[in-house]
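A, B and C label the chains in the order they appear, each numbered from 1.
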Amino acid sequence: MTARTVLQAADITRALTRISHEILESNRGGSDLVILGIPTRGVELARRIAKILDGIEPGSGTVGSLDVTMYRDDLAGQPTRAPSPTQVPAGGIDGKTVVLVDDVLYSGRTIRAALDALGDHGRPKVVRLAVLVDRGHRELPIRADFVGKNLPTALDERIRVRLSETDGAEFVVIES
Amino acid sequence: MRHLLSTRELDRATAVGILDVAEDMADVADREIKKLPTLRGKTVVNLFFEDSTRTRTSFEVAAKRLSSDLVNFSAKGSSLSKGESLKDTAQTLAAMGADAVVIRHASSGAAQVLAQSNWIDAAIINAGDGTHEHPTQALLDAFTMRRRIHGRASRGHDLDGLRVTIVGDILHSRVARSNVWLLQALGASVHLVAPATLLPSELANWPVTVGYDLDEAIRQSPDAIMMLRIQAERMSAAYFPNAREYGRQWGLDDERLARLGPDTMVMHPGPMNRGLEISAGAADSSRSTVLEQVANGVSIRMAVLYLLLASETVA
Amino acid sequence: MSILVTAATLPDGTTTDLLVDDGVVVERGTGLSRKGATVIDASGLTTLPGLVDLHTHLREPGYEQSETVLTGSRAAASGGFTAVHAMANTSPVSDTAGVVEQVLALGERHGYVTVRPVGAVTVGLAGERLSEIGAMAQSRAAIRVFSDDGKCVSDALLMRRALEYVKTFGGVIAQHAQEPRLTEGAQMNEGVVSGELGLQGWPAVAEESIIARDVLLAQHVGARLHVCHVSTAGSVEVVRWAKARGIDVTAEVTPHHLLLTDELARSYDARYKVNPPLRTNEDVLALRAGLADGTIDIVATDHAPHPAETKECAWGEASFGMVGLESALSVVQASVVDSGQLEWADVARVLSSTPARIGQLAGYDAPFAVGSPANFTLYDAAARSVFAVDHLHGKGVNSPYLGTELPGRVVATVHNGYPTVLDGRLVDAETVAAGVRRG
C-alpha cells in the first residue's frame, strides 16, 4: 500500500478560509446562515468554518450537526452503526440557508440521506453543500457548491482525512 | 446482538451502547416530525399471549416511529386464545415474513424457546416471559436513572456506584430479575427488600444484598427505590396475610417517603396499586420517575429495534 | 429353537458357552455345538441377565399416540430388557382386572418382553377409594405391584390402608412420593437455578416428607413399601435410616437422576422437564453413592413417552417425562460403572434380579443356570456413539440424550429363548411373535 499526501495542515486551513468567503459571497452576507456538519469529521469542519465566518462577520457562524445514520440506504449491508447526536441550532432551520459540510464527497449517498434528514427537521430556504475533498464517482445527481480540492481518484483508491481535533494529526492522503 | 432475551447477556459496553442509541431516539420525540425512515419495509410483530396494553403500545409507537410495518397478534379473540401452540404461531409469522417478533408470554423461557427453535428466523425480543425477565423494562429503568443523574449529558455514562433498592415480590418479578443483572453490568449495587416468602429460596448467586426491613433500607438512603407491583392473588396463596399488613410493612407510604433523601428516585414499573405498595403522594411526588419511565420506554424500544433490525450483517 | 452363545463373559467374570433350547438354558461349558442353532459370538461382550424394568409407561390403552404395548416393548428389547412393569396411568386406568388382563394379553401377543401390568392403588388414580386390589391380584395378570404413579397417594389414612390391604395379597405399594400442596404449579427443582430462571420450584422436601411418612407407616403396619424414583440426597438419607431400623422398604432411582442435573433447565428445553425434576449435582452424587452402598435397591427407567408437540413448546406448558428404555444401560454405565462405583455383577443385581424380586417375577433368581429361562442381553461396553433418534424404537423421541455421546451398545437380547435383538438390530415383529407361539 502506498500513501500520497495531497493536503497538508496549511492547505486545509487555506481551503476552509476560501470556502467561508465563498459561502458569505453566495449568501450575500452572513444573515440566516446555518452551518450543519455531518458526523464525524464534517462536524469539526463545520465548526472551523463557523469560526472563520464569525471572524469575518460576527454572529454569522451558527453551527450544528446533522446525523444521517438513520436515513442511510446501506444499513442492511454493514454492521450496526451507532448513530451520533443531531444538534440543530436554537433558531431552527426553517427559512434559513443551510450549508451541509462533509469531509469527502464520493457516491453522493450520504448527502442524499442528509437531505432526507434535513426535511424531517424543517424547511430551509436554500440548502448548499461544502466539502473538503471531492473525489468523483458520483452515483446520484448531486454536486457540491463549495469544494476545498477536487481530487480525481481511481475506484480502488482510498481518501483518508485526518483532523487534529478528532485524530491528533492533520492531513489528507490518497492510499492505493 | 441477534435477539434480546435477557439482560444477563448484556455486558457493560453493550448496555451503555443501547442506552446511548436510546438518547438519539429520545431526540426524535422532541422534533415536529417524530419519525425516522430507518426500518422502512421491515415487519415487526407484537405477539402478546398475555394482555399488556402498556408494553404493547410502547413497542407499537417505537416500531412506527422507525417506519416499520407493525402487526399486532394478541391473545384476545384470536387463535392464540384457542390454544394454538407457540410453534404453529411462530411458523405462521415466519411465513408472513416477520423480521422481528416482540413476544409476551405467561411461561418463563418462552422467548428463548422461540429464539432457539428453527420455527422462525426473525429477531426475538422478550417483552416479558412468565416470572423470568423483562429486559426492555430494565433498560428503560436504567435509562431513566442515568438521565436523572446526568441529564442531557448522559451519553457514555454507566451507573457506577449507584445504590438501588428493589422492594416487593422479587420471587415472581421479571422486572426485578432483569434489573438485577443489568444494574450489576452497569456498576450499580442492588439491595432487595421483601418478606421471606417473596424471595427466591436460594440467592447465593445473585449479585445483591437482601433484607426484610424496608425502614432499615430507607435509613441507608438509597439513590433509587423501585417498588414492585404486588398481585392480589399472592394473598390467597399465603405469601402474606393481607393487603393492610403488606402495605404497613413493605409499602412506600407518605411517612416513609418523607424519610427518603431529596434526590432519591422513586420508581415503579406500573401499573401501580396506589395505596398498597405505593402511596399516591409517593407516586406523584417530584421524586417519582413513573411518567419518565413510560416516555423512556419508547426510546429504549426504538433503540433495541434499530440495533436488532437495521443491519443484516452480524457485527 | 436353539441358540448357541459362544464365549459369553458372565457378570461374575466367568466365561462360558451357553446352549439354549426351548426357552431354557440347557448346557454350559466350553466348545459346545449344536447343529442348526443360531450362533452368537459373545467374545468381547458383557453378558447380562435380561433386564427388568419396574417402572415403564406403555400408555396403552388410551394414549396410543404416545406409545403402545408393541412400540414400548420394542423400545425395551432394544435396550436389553426382557421384562417391564407397565404403570397404571392408562385410560381407562389400570384399576380393574379387565384392564390389567388386557395389557397382559397385548404383551404376550407381541412377545418382545414380558409385560407385567401394575395395578392402580386407588380408583382412577383419584386418591379417594382403594381400587379392586384383590381382584387384580387374583386375575390372570396376577398383579403384585400397585402404584398410582404420576400421582402420590397423599392421604395418610388411605396410604396406611393400602399398605395393610396389599399385604393380604402379598403385593407391594410403589409410592410416587410428591406432597401435592408443596408442588402445586411446580416446574423444576427448587434451588439456585429455579430462582434465576423464574420457574416455580419443586422443593426436595416435597419428596422427602412423603418418604419419611411412608416408611413410618410401613413400619407401623408391618408392610412392604417400594419408593419410586428417589431423586434427592435427603431421600437417600431417609431410606438409609429406614433400612437401618429394619423397615421393609426398597427404593429405585432412574438413570437420568444418576446423570443429569437441573443446570440443563437453563436451556428451557422441555426435554429436561421430568417428574420428579432433575436435581443438583450434590443429589446426583448422593444417589450414585446410595445405589453403590445398597440403600437404593434398583434402577428403573420411568420411561415416559410423549408426543413431540407436548415438548415443542414453552417449558411451563410442556409435559413431564422422558423416554429411557433404550438408553438406560448406557446411562448406568456412564454414571456408575465407568466411575468404578458398580461392577457388572451389581448392574445385573440392580437392573435384573432385584427388580424381579420386588415385582415377584419368576425366572430371574438364577440366570444362566442350567434349567433357567433364557433371558439375557449381550452388551458391547466398549462401543461409543452419539445418541440419536435412530437409537429410539418407541414412539417417543423425548430423550434428553439426543446429541450426547454415550457408551455401550446392546448387540443381542434373548427373551424366553428366542432373540428379540440380533446384531444390534430389532428382530421383526412377525418373527418374534412366531417365537412366542413356538415357546
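Annotations
As a working rule, contacts are C-beta pairs under 8 Å (C-beta built on N, C-alpha and C of every residue); 3 or more make two chains touch, one makes a residue touch a chain.
Just so it is clear, the model here is predicted, and its values are computed rather than measured.
Placing every chain at the mean of its C-alpha atoms, the farthest one from subunit B is found to be C.
Set side by side, A-B and B-C show the greater C-beta contact count at B-C.
Subunit A and subunit C have CA centres that are 77 Å apart.
Between subunit A and subunit B the centroid-to-centroid distance comes to 40 Å (mean Cα coordinates, whole Å). Centre-to-centre, using mean CA coordinates, subunit B is 46 Å away from subunit C.
Looking at subunit A, no residue sits in touch with two or more other chains. Here subunit C touches subunit B in the complex through residues 187, 190-192, 194-201, 203, 267-270, 309, 312-317, going by the rule given at the top. Those residues of subunit B lying in contact with subunit C across their complex are 85-87, 105-110, 112-113, 116-117, 129-133, 171-172, 174, 177, 200-206.
Within the complex formed with subunit A, the subunit B residues making contact are 1, 17, 20-21, 23-24, 27, 31-33, 35-38, 66, 155, 306-307, 310-315. Considering their complex, residues 67, 70-71, 75-86, 116, 120-122 of subunit A touch subunit B.
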